[in-house]
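Alright, structures below, take your time with them.
Each of the next two complexes has chain A plus one more chain, namely chain B in the first and chain C in the second.
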Partner chain A sequence: MKKNKIVEFCKDFSRKKLSLRQREEFSAYLFVLIPIIGFLIFSLASICYSFYYAFTNFNPILGVSKWVGFDNFVDLFSDPKFLDACLNTVILLASIPIGVTLGLLLAVYLKKLAHGSMLLSLLYYLPAVTSAVAINVIFNYIFKGDYGILNEVLGINLYWISEDDGGLVKLAIIIKNVWASIGSTMILYLSGLNNIPNEYYEAADVMGASKWQQLVNITIPMSNPTTFYILVTGIIGGLQSYADSQILAQGVSGGRTIVYYIWTYGIGNNANFGLASAASVFLALVIIALSIIQFSRNKMFKKVR
Partner chain B sequence: MVKQILENHKNEMPSNMPNFSRKKYLAEKYAGKTWFIICTLIVVFGAFIMVFPYLWMFLSALKTPLEVVKVPMVFFPTDPNWGIFTEALTSDKLTFFNSLKNTLIIEVLVITVGTFFSTLCAFAFAKMNFRFKKTILIILMTSMMIPYAAVMLPQYRTFMDMGWVASDNWFINLLPLIVPGLFGNISMTFFLITAMQTAINDAIIEEAKVEGCSWFRIYRSIGLPLARPAIAAQVIFWFVGIWNDYFAPSIYLTNQESRTLQVAIQLLTSGTDNSDMPLLFASAFLASIPTIIIFILCRKMFINMNANSGIKG
Partner chain C sequence: MRKMRALIALPILVLTLASCGRNEDNPEQENPTGEGANISFFGWGSNEEQANFKKLVNYYNEHNEKKIHVIYSATDSNNYMVSLSIKSENLPDVFYMPDYSFYSWAASGRLMRLDDTSSSLSISEEELDPIWDKAVDMYRFDKNSLTLGSGDLYGLPKDLGPYTLVYNKDLLEECIESSGGKLALPSATEPMTFTEFSEYCAAIQVELDKISPDVKKYAVSSYEIMPAVYSNNSDFYKGEDKRTSNVSDPNFYEAIQFIADLNLKYRAMPSAAEQTTTNGFIRFQSGNCVFTNMGPWDMTSFWNLDFDFDVIPVAKGDDKDAKSTAWVGSVAYCISQKSRNKAAALDFIKFLSLSEESNRMNYELGQAMPNIEEMAKTDFVNNVGIDDEAKKRPENKQLFVDIVSGENPEINGQNRAAYFCPSSTPYNNLLDSLNTVWTGQDTAEEWAAHYNATFQKNLNDVYEFF
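This part shows the complex of A and B:
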């Protein structure tokens, strides 16, 4: 019965019997159908399964799967390896404020520059289009203890990437991340700066405000939306970092992040799938909360009625 | 009286007013210049630091395996080994062209099919009226919030059960990276909604509707051509993203025949043997060149894209 109705509707549609309004609606649903199916399979169903696995002791090697309640979460938060991974991930976020500060100063400078700013912004933006693999490969070599160029140039002899010193590994990753993020931060600020009316600076000049006062009292407050966006997206990206731990830090414990932890238990050795799922659910909740903060500020919603 | 008023407004006057102290003005201007020169030096030095890793990658590729690990270091290779780039292209350790083929297969399939569905979806949201439009949009938007790490484990298990992981057939191994992309790219859709709203005039669509055009026809003949610049920008952005993608390929592409370029390069790092290092740098350098060329050719596009994602979006 219901099937017949659908068939009738399709026939009406092809015979152009439907009203324009109905045709529009039907076509629109067809147009958005595929992305919605993709969403249902690869986002909704997947994350539901992550939640489900987080509450089981699923083990693909032994083939067991039993409901264990919150055991995985209890194990997770008493696992020093996971707590270390969380701490590492949070410490590595230190590159974001440094990158934001340098990016802003760079943008302020480049805005003043009449010539050559295109070449400079190109050079600074290069890491944003280079693969994480290539960047990490070369930085791993730069930070090498025995023959790395950084040690030689600075005249020091530090083993940046080693099991013994977790702090140096993190410092190395932070330096690399600042290097890699400064260009895209600068571009974001540059377009933000162009939206600040020039009258503000002219007025400040007339009032006798110094350039530094103008930076602190006009540029920085007016760039607040940009700063907020960079910070939140930076944190979301930083929480998901993986290539840094695997390629630059070569998997030493001081550089292991949350995603590296999930990878180790969920895919690397498959031994504790439930624990890895619990970690991924935890990460997802944190990131979704941050994203909601970010999206609630987005003007996109208001544009689509 | 007039003098008194002038005195009161002294601070608000433009700097070229006669009673402005010329000496002070010059001193400020001179100080500004000095600062400007210092800033320029810092920024140029910074630019050098930005380029240095690329330069170092290139120079190290040309060295012999012994020179690469030599202490004290040699900056320029004594006898540049240009053959290393042909070696990178032909070496069995890297299987460069095979990896390139896999990367391009993923790129072409995902981008052609995915762009079609993404633009179709964006067109519906931008220019068509239907019930639950905003609800559907918000639902789709939530998928942008979900991190890949949170969905990768169930997907990995499912693809494994379907026999798509570590299969003997190289193409089947690529499917976990292709199939999710075929359903479109939500972030692309979201950028295109705004772009299509401004690029496509409602009057043209009304006219086409009166003429009796089907909505697909309107999409194909009006929507796509008018939004072409925005779509091109998104496609290029997506291309670079897939080219540089590493995490998902490293999970799924474990056998040599189906790995992508980034995975192949990464596998060279795992060897403790220093003799592969020039090869590693040469291949990493070669694999970075296409995206850098695309970026230089389309720099305006990239810079606008990046900028729009922040404030206006």
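This part shows the complex of A and C:
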């Protein structure tokens, strides 16, 4: 019976018995079908499983799990390694404001450049289209202690990536992240700057405002939505950082992030899936909270406009 | 429009539910003879190891009436157990099982018992007789008492790997020459004590600094914790069930301090920072240290080195009762309890683990010491079948045999610490906690005083289901 209904519907569709609106809706649903299936299987199902496992001590080998309430969260927040990972993750976010500042200045410079701005934009944007793994491998060679490129060039002998000094490894990651993010930040600012009416700058010129005053009083306030977008997406991306810890920092404790913790101490050889799920849920909640802030701020910007 | 939505939603629901479903076994599809079976195999290995494995499969098919087709899939060793855990509901027919994961898997009931005499599919004692007892017993597990080393057999050894000290003979001879004969080559059979080894390394370091003032070379690249602990009359656990921390044992933390002092006191080993940037294996291969560690599986890589090398026993504690004890690692071939090709899989792993051809091929390729005791003691030690002089190294292969056999009163071998536990978490966390000792912030005794409770808690956690 059901099969006949489906056949009838297909016949109606092919005989153009359906209205144009119905046909368009059907096509639209078909277009979103594949991403929806992907989301349901790979995202929603995984999120639900993680949420459930965060409250159990699931052992995949034995195939058993016991409800443990909030025990995993208690273990998580009493584990110095997790607290260190949280602190490291937050410190490493320092690359975002630095990248935003440099990206904005670069965009302002390129906007004013009469010739070659396209070529320079392309060059600055290159890190954004380069594989994160490749970048991390290259920077590992740069910051290596023995025969590292930076040490050789500067004639110094610093062990940037080591257990001895957690500060140096963080500095190395921040430098790498600033370099890697500057291109995409610059492109976003460049498109934002093009939307600022020239009349504002002309009026400021007439009133005798310096370039610095124009930057502070026109460019930066008018770029607020872009800045906010870059900050929020940067923070969300930074919270999910893993390659930096694994490839550039080689897993040394000063460079371990929350996602590194989830993988190594939760899923890797240590295989504590409940703990890993609890850490994932915590991270997801933080990211969701940031996303809500972003949406509400977006609405605020729209109202201001 | 409701119809339309329902029509779209239906395949989504079906696909989603299908993805969450489990493959149920159909016993009717069992292949009792194994003839023409497709065996799914899951393991890890370098391209070289994978090529060698394929050679073994080809050999098996050429010399066996029951041809099989092996569907090979591999990952890197770090992700292997994670991948295997994910597959746990739908395991491949044959897969590698590292010793440090055997406890949980054997207890889980997912591994096929290999010595069940009531079944037509089993391995007899006669077949196991030629194999090292240590190698076979490692994969026995008593489910009732949760005891390793006795009970039913759930895996056949792929190899048995003693891990010991190796030295760069050419570099050491340079040091001896530079010292004007004050130094000598180490004994191949008599282990040094911790003090002797430390002082020997310190003396080598003096000469290395003279020989190579521009490029920093070290006497020893790194030192393993397990042989230091085992060789100082200690262990990671105490009690018969090995569920109690032994970290506070003075012999335990003195062994840790011995390693830390190689850098902090004698300056003969790279600092923790230097070890992070260049690991011991690479430092040794590039000729920048005298001592590092090696197992038989490293032979293939070391045969290509342009300097001579040889192995010596690991150092033992200063107590007169202390015995040089290296760790012995291993990986097993296991069969899924739900495999539909048990007959073919069993026949195949018997060939890989027990056959003379496979064992000979493995040592000739520089992959492993033979599982067959007699072959290891004679052909392996005497390089039978190896014509290339470079491939006869290390000269002191007898040491590998001595570590496994325990027949030399001065030398012994012991399973890795993680083998005795349902999870390697306590051991891995312990290694991770030692940074303050390596950097000199804490003495090993101070570290042990506060870490003992953490180690015990980690042990309690991993035994929760056992």
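Throughout what follows, the second predicted complex is superposed on the first by the 251 of 305 C-alpha atoms of A that agree within 3 Å, B and C clash if a C-alpha of one lies under 4 Å from a C-alpha of the other, contacts with A are read in each partner's own complex, and residues count from 1 in each chain.
Definition applied: a residue touches a chain if its C-beta (ideal position, glycine included) is under 8 Å from a C-beta of that chain, and two chains touch if they have at least 3 such contacts.
All of these numbers come straight from a predicted model, not from anything done at the bench.
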If you stack the two complexes on chain A, which partner ends up touching A:Val216: first (chain B), second (chain C), both, or neither? neither
Is A:Ile267 touching anything from chain B or chain C once the two structures are fitted on A? First, second, both or neither. both
Can A:Leu87 be said to touch chain B (first), chain C (second), both, or neither? neither
Kindly classify A:Asn59 by the partners it touches after superposition: chain B alone (first), chain C alone (second), both, or neither? second
Does chain B (first) or chain C (second) touch A:Pro35, or do both, or does neither? first
Would you sort A:Ser280 into first (chain B), second (chain C), both or neither based on which partner it touches? first
Does the superposition put A:Ala243 against chain B (first), chain C (second), both, or neither? first
More chain A residues in contact - chain B or chain C: B
Going by the contact rule set out at the top, does A:Asp146 touch chain B (first), chain C (second), both, or neither? both
Touch test for A:Tyr159: chain B only (first), chain C only (second), both, or neither? second
Name the residues of chain A shared by its contacts with chain B and its contacts with chain C. 25, 29, 36-37, 41, 45, 60, 146, 250, 267
Contact set on chain A toward chain B in their complex: 20, 23-25, 27-29, 31-32, 34-39, 41-47, 49-50, 53, 60, 106, 109-110, 112, 118, 120-135, 137-142, 146-147, 149, 152, 179, 182-184, 187-188, 190-192, 195, 205-208, 211, 225-226, 229-230, 236, 239-240, 242-243, 246-247, 250, 258-259, 262-263, 266-267, 273, 276-277, 280-281, 283-284, 287-288, 291-292, 295, 298-301, 303-305
Quick one: in the complex, what on chain B touches chain A? 11-15, 32, 35-36, 39-40, 43-44, 46-47, 49-51, 53-54, 56-57, 60, 68-73, 117-118, 120-121, 123-126, 128-131, 133-134, 136-157, 160, 180, 182-184, 186, 189-190, 193-194, 197, 209, 214-216, 219, 240, 243-244, 246-247, 250-251, 262, 265-266, 269, 277, 280-281, 284-285, 287-288, 291-292, 294-296, 299, 302-304, 306-313
With touch defined as at the start, can you tell me which chain C residues reach chain A in the complex? 1, 3-5, 7-8, 11-12, 15-16, 19-20, 78, 81-82, 85-86, 88-89, 104-105, 107-108, 110, 271-274, 276-278, 423-425, 428-429, 432, 435, 438-439, 461, 464-465
Chain A contacts chain C in the complex at 5-6, 9, 22, 25-26, 29-30, 33, 36-37, 40-41, 45, 57, 59-64, 81, 144-146, 148, 159, 161-165, 250, 252-253, 267-272
